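You will see chain A twice below: alongside chain B first, and alongside chain C after that.
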Partner chain A sequence: MTTTEGRRSKRTEILEARPVNLDGFVEEWPEKGLVAMESDFDPTPSVRVEDGRIVELDGRARADFDFMDTFIADHALDVETAEEVNAIPSIEIARMLVDPRATRDEVIAVGRGLTPAKILDVVKLMNVVEIMMAMQKMRARRTPANQAHSTSAKDNPIQVAADAAEGALRGFAELETTLGVVRYAPLVAIALQVGGQVGRGGVLTQCALEEATELELGMRGITAYAETISVYGTESVFVDGDDTPWSKTFLAGAYASRGIKMRFTSGTGSEVQMGNAEGRSMLYLEIRCILMAKGAGVQGLQNGSISCIGVPGAVPGGIRAVAAENLIASWMDLECASGNDQSFSHSSMRRVSRALPQLLPGTDFVCSGYSGVPNADNMFAGSNFDVEDYDDWNTIQRDLQVDGGLRHVREPEILQVREKAARALQAVFAELDLPPITDAEVEAAVYAHGSGDYPDRDVLEDLKGAQAVMDRGVTGLDLVKALERTGFHDVAENLLTVLRQRVSGDLLQTSAILTDDFVPLSAINDANDYGGPGSGYRLEGERWEQLKKLRHVTSAENPETEVS
Partner chain B sequence: MTAPAAERSLTLKEVGQAQRGSRPDEVVIAVSPAFADPFTKTIVEVPHAEVIRQILAGIEEQGVHARMIKVWDTADLAAVAHIGARLSGSGISVGLLSRGTTMIHQRDLPRLSNLELFPQSPLLDAEVFRLIGSNAAQYAKGESPAPVPTRNDQMARPRWQAKAALLHLKEYECIVAGRRPVEVEPVISRLS
Partner chain C sequence: MTTAPDLGPGDYPLSVNRQDLLRTPTGKPLSALTMDAVVAGEITAEDLRISAETLQLQAALAESVHRRQLAQNFRRAAELTAVPDAEVLAMYNALRPRASSREALISIAENLESKYHATVCGALVREAAEVYERRDLLAREED
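This part shows the complex of A and B:
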């Protein structure tokens, strides 16, 4: 047979046009750290202790430590057990992670003394199914949960309030916002808080901002937790951001001092993205971040590459490395908000496959930002899933009988909370003398999909109002009072109860969320007790009944009708 | 977004160590180490000559003076832009990375804050660069312009992020540690 040069087959044309071919893929470049987790340039595990002090870590003597080594050696590693546990063959530790008969506590006890290179050596032995097996056991909170992004391409507070209410009603335990124009932050953070408490009392909210403003909003009680405290795996990237492990730890202490929940953020690919991977693999550097978070004493970590997902996603084995980093965070006994929060692929098949290692075993937050708005409105630059995927997500939960934290909600209930959220925000704005919200905007909020469905706001007036919120020292309690005075007693009560948590400090426990009854659910009172088949969290009972519901299900009793 | 038909080249002629400006009506354009040399275009192939031409036009049509510096010892956008803002007579700067990522900064803001940030380099075309120049000039005049509409393409990340990382690695290789910012004169010439 002969072939004609330059002529393409029909099949090639079809394959060329498939969405997956819009994704970017690059070759590995291990010398620069552009490699997921298998690199000849990563150090060999080693540890040596003298006089109760680590004097050698992964082939480096203390005199040659950079500040990450110093911080990890002095604050993260258990000096008592370090030499002993690092001498255990990696294959034995990998087997413990997978074997349901080795308890979570036993595996954590071994993990406490391991060096970054040893941890890498262990997970390199595990394939993606084994990583999932281990995650099922190592997740800190027994009950999995999910987190949403609620943002607006126009920074429209009414949109944020309405979508926050819907998101909370659908089941998200945490809601996060950020801005296109950062000066809008106070108004949007207020909208998120008010809308969230309308949707479901007890939902926790945060606003991702420059660190000083984020802390101030938290201290004022306008937000309930913080997450965007980024840490990095190399000294050079830290220094580039004018930070050190100690400065981040100090910031963590500032949140803790006010009883505010917080977690750090890190992820594979950030160092190479910023050009300072120092020739280490993405996962090796991420392990240093995880240990840094552990050493700082924070309760949790958002990881899973996060905003750099396009980097591990572009190299071979990258998504396996991302699954491994989530596992290691959980293994180090940290809350893990496990990524799936950034646009990842043009291919829907790839989007789902990227999420399976978190969705199937369950994590503390399967997505650390499922887009609770259309991706075009997502000011975190898009998520792996958005509102248009709600029904698909609910169906996947039902198919596989796994709990991804969401549920189908009937439209009348959704419309009702959207309207109430917009009305409550309208009242709060009026009460606080902020730029008015019209009835037309409220009506738009009830039925809208994205920011284009709302009347335009007077942006300059809003920005003045936002500045006034900061200048006048408005706090969460002012929001409670405004809600109470304007007849939103239940919402005021919800918000006040959330604010009270910072007095008890219960949200400082690992993996804490609040139930509908405002009971903190954390690794203390809801510890993951997975020990093999029949144990641990099982999707059953009332929750399973909820998740059996979809938009269209044919009635068994009367097949001519649907139930929903 | 397509590159304009008329191809131009950009040369940055070094004038001397960058000084703090005294004119209250100036905007400083601060660029990263690899800008114009060795890189010549943004991640989506907008020529650097066109980027600077549009920003300058945007500034000048507001009747504001523009001055340009090259930052040598960092390729961190917030740092590049803040260095520019601190040297600017008005306190306003436009900071640029070679791949196109842009920020409007002000001297009195924390370094990691900004007046306007355009983080998605693949979405920045000639028109946006002109608006950025215009807004920076309006801030310099003490006005409060409506922010340049933020574009958002959630699929830029999967398409471009890894390439951006590669470009950044190459830009980092151009950093000259310890070298002070240099005042440069942009020379834009048409390619024959």
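This part shows the complex of A and C:
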């Protein structure tokens, strides 16, 4: 028979209606850099050293270096080993990355001298399973962790405090916020800091803002770390971002000089999205970002495309390239907060498959971050996972026996910390003479899901209060005093302990987080020692018992009852 | 502190293993930063800062685990502890593309070197001036 023009099969109609077909897909266009990692327009690896100086990098002579080449040649690469390690066949290096008998230290030593094009040449040989094998070994911190977004569509500080407390209790090691109305920042940053310390002492918080403002909040001790320090892989896009490798390097020193943990942010697709990829593949340009971050001496990098995930997500092999960029950050011995961040797909299957290359091997922060609020309240343009996925995430951890940093927590405990966070913030606002938080708002915070479940705030009064926080020079220490004076002694003590960490600088080392006991855990005292089966981080013991718990688990002794 | 002690990975975290080496910029030991002291008003924001000496210790630790660039960042940071917040922010803004003339950058470098003895930072700013000139990233006449 012949088909009838325009008539569609029932099956096609069903497939057309699947969420995945709402996603955008495009063909590759290598000339414009719209290609993940396999492009004829990427340079061929080369390096030449004269008089202790790199004079040729990936086919370009020093006289023709742009500022990325210059910075990478002068700050990132080990000149002493460059010619030797670049001469090793790429296949040998790729095998070292995968082979558990080659130690992390050995692979890192080789990596120190490699050029961007050589690194690309190596990872191009690896499929996604090999990339995961390598990530398992190359992640800097032995114990994986996770990070949450805690924001509000109404910039409601009570919501941010309550959701921060719940997120901390569920296991996030870091909490990040940002704003709809930027002037709200001081109140929301205070809410995040107070709420976080209620949920679990030792959680680290940050507020994503323009570079200079973000630094100011950090200097005052209202936030504990910073992350949104963006870097780019081409000179023109870097300049469009109003920075250079030298300004960003100076900024890295400025943060450390105040004892504040900091990481840069970059990701595949940003250059082509900003319209100037200079005809290079997304991964080649991202490798330049990673080496720039290393050269700057910053301890870590948030990468994995982040806010540009739609770009690699739309081209063939794009998610493999994203997995590769996380691996390269870890291989370059940087902390890696590995994306799974901004909303990526309408398809739940795609959302999960996109996360497997980070979740299965484990990274320093599997998500950077996971939405600790409903996606409608996520002011980072949503996340790949949100609060409605908590039970699914916990189940996936239990099914595959992997540690994604979270755990199931029973409702009474959650309601308790949500209430305490709202009460503590109510007390702090009253003590600092900020716009009052009513008992009705506290009660709403205990049981709420999203910002629509809270009474509306008087926004104008809040913004005046936020300005007052800046004008009066309120610091983290003032928050400690306010909490202590109002009877929240344990929360005050937690916050003071976090602030005291600045004095020691321990959180400045690679991949540092704080344990429940306020012990800094970094790539020095918790260095990844994976060396094949039976070694490295294993989900076992007390932690595994925690992760076996879900909302509904049938009791083995009495099948009529549930344990949770 | 006269000479930096020979630190290795076993000394980390300093806040647990080497509290003896840690002092605030105001000279207090970590153990002085208690809630009682906060309530008594004996602790100021200045007491919760990191000192240049501590950053040098963290640099030595980073170097002991072969993180050369991270150690260098801590050395620049040690120098910047002496520079006031507003001045640090102004220097950062001056390093943005096309924000400063060559002369302005050199004068920032000289200021860092002479006033704050910040030679590692000074060298970074001088290097920026050189690269910005070559890549046309200095402030333009009409700017």
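To be clear about the criterion, the second predicted complex is superposed on the first by the 564 of 564 C-alpha atoms of A that agree within 3 Å, B and C clash if a C-alpha of one lies under 4 Å from a C-alpha of the other, contacts with A are read in each partner's own complex, and residues count from 1 in each chain.
The rule is short, and it goes like this: contacts are C-beta pairs under 8 Å (C-beta built on N, C-alpha and C of every residue); 3 or more make two chains touch, one makes a residue touch a chain.
For clarity, every value in this text was computed on a predicted model and none was experimentally measured.
Taken together in the superposed arrangement on chain A, chain B and chain C fit without clashing.
In the superposition on chain A, A:Val128 contacts neither chain B nor chain C.
In the superposition on chain A, A:Asp242 makes contact with both chain B and chain C. Look at A:Val311: by the touch rule set out above, it reaches chain B but stays clear of chain C.
In the superposed pair of complexes, A:Val182 makes contact with chain B only, with no contact to chain C. Annotation: apex chain A, arms to chain B and chain C, angle 90° (C-alpha centres, rounded to a multiple of 10). In the superposition on chain A, A:Ala212 makes contact with both chain B and chain C.
Of the two partner chains placed around the shared chain by superposition, neither chain B nor chain C is touched by A:Ile88. Residue contacts after overlaying the shared chain place A:Val519 against chain C, while chain B stays out of touching range.
Within the superposed three-chain arrangement, the count of touched residues of chain A is higher for C, of the candidates chain B and chain C.
The overlay of the two complexes leaves chain B and chain C separated by a minimum Cα distance of 10 Å. Shared contact residues of chain A, touching chain B in one structure and chain C in the other: 211-212, 242. By the touch rule above, chain A contacts chain B in their complex via residues 22-26, 29, 32, 34, 153, 180-182, 210-213, 240-242, 269, 272-276, 307-311, 313-315, 342-346, 375-379, 381-383, 459-460, 463. Those residues of chain B lying in contact with chain A across their complex are 74-76, 79, 110-114, 116-117, 119-120, 144, 146-147, 150, 152-166, 168-169, 171-172. If you check the complex, the residues on chain C that touch chain A are 9, 12-16, 22, 24, 30, 33, 35, 38-39, 43-45, 47-51, 54-55, 57-58, 61-62, 65-67, 69-74, 76-81, 83, 85, 88-89, 91-93, 95-98, 121, 124-125, 127-128, 131-132, 135, 137.
Within the complex formed with chain C, the chain A residues making contact are 66-67, 70-71, 74-76, 105, 108-109, 211-212, 215-216, 219-221, 235, 238-239, 242-244, 246-247, 249-259, 294-299, 333, 475-477, 480-481, 484, 489, 492-493, 496, 499-506, 508-510, 519-520, 522-525, 527.
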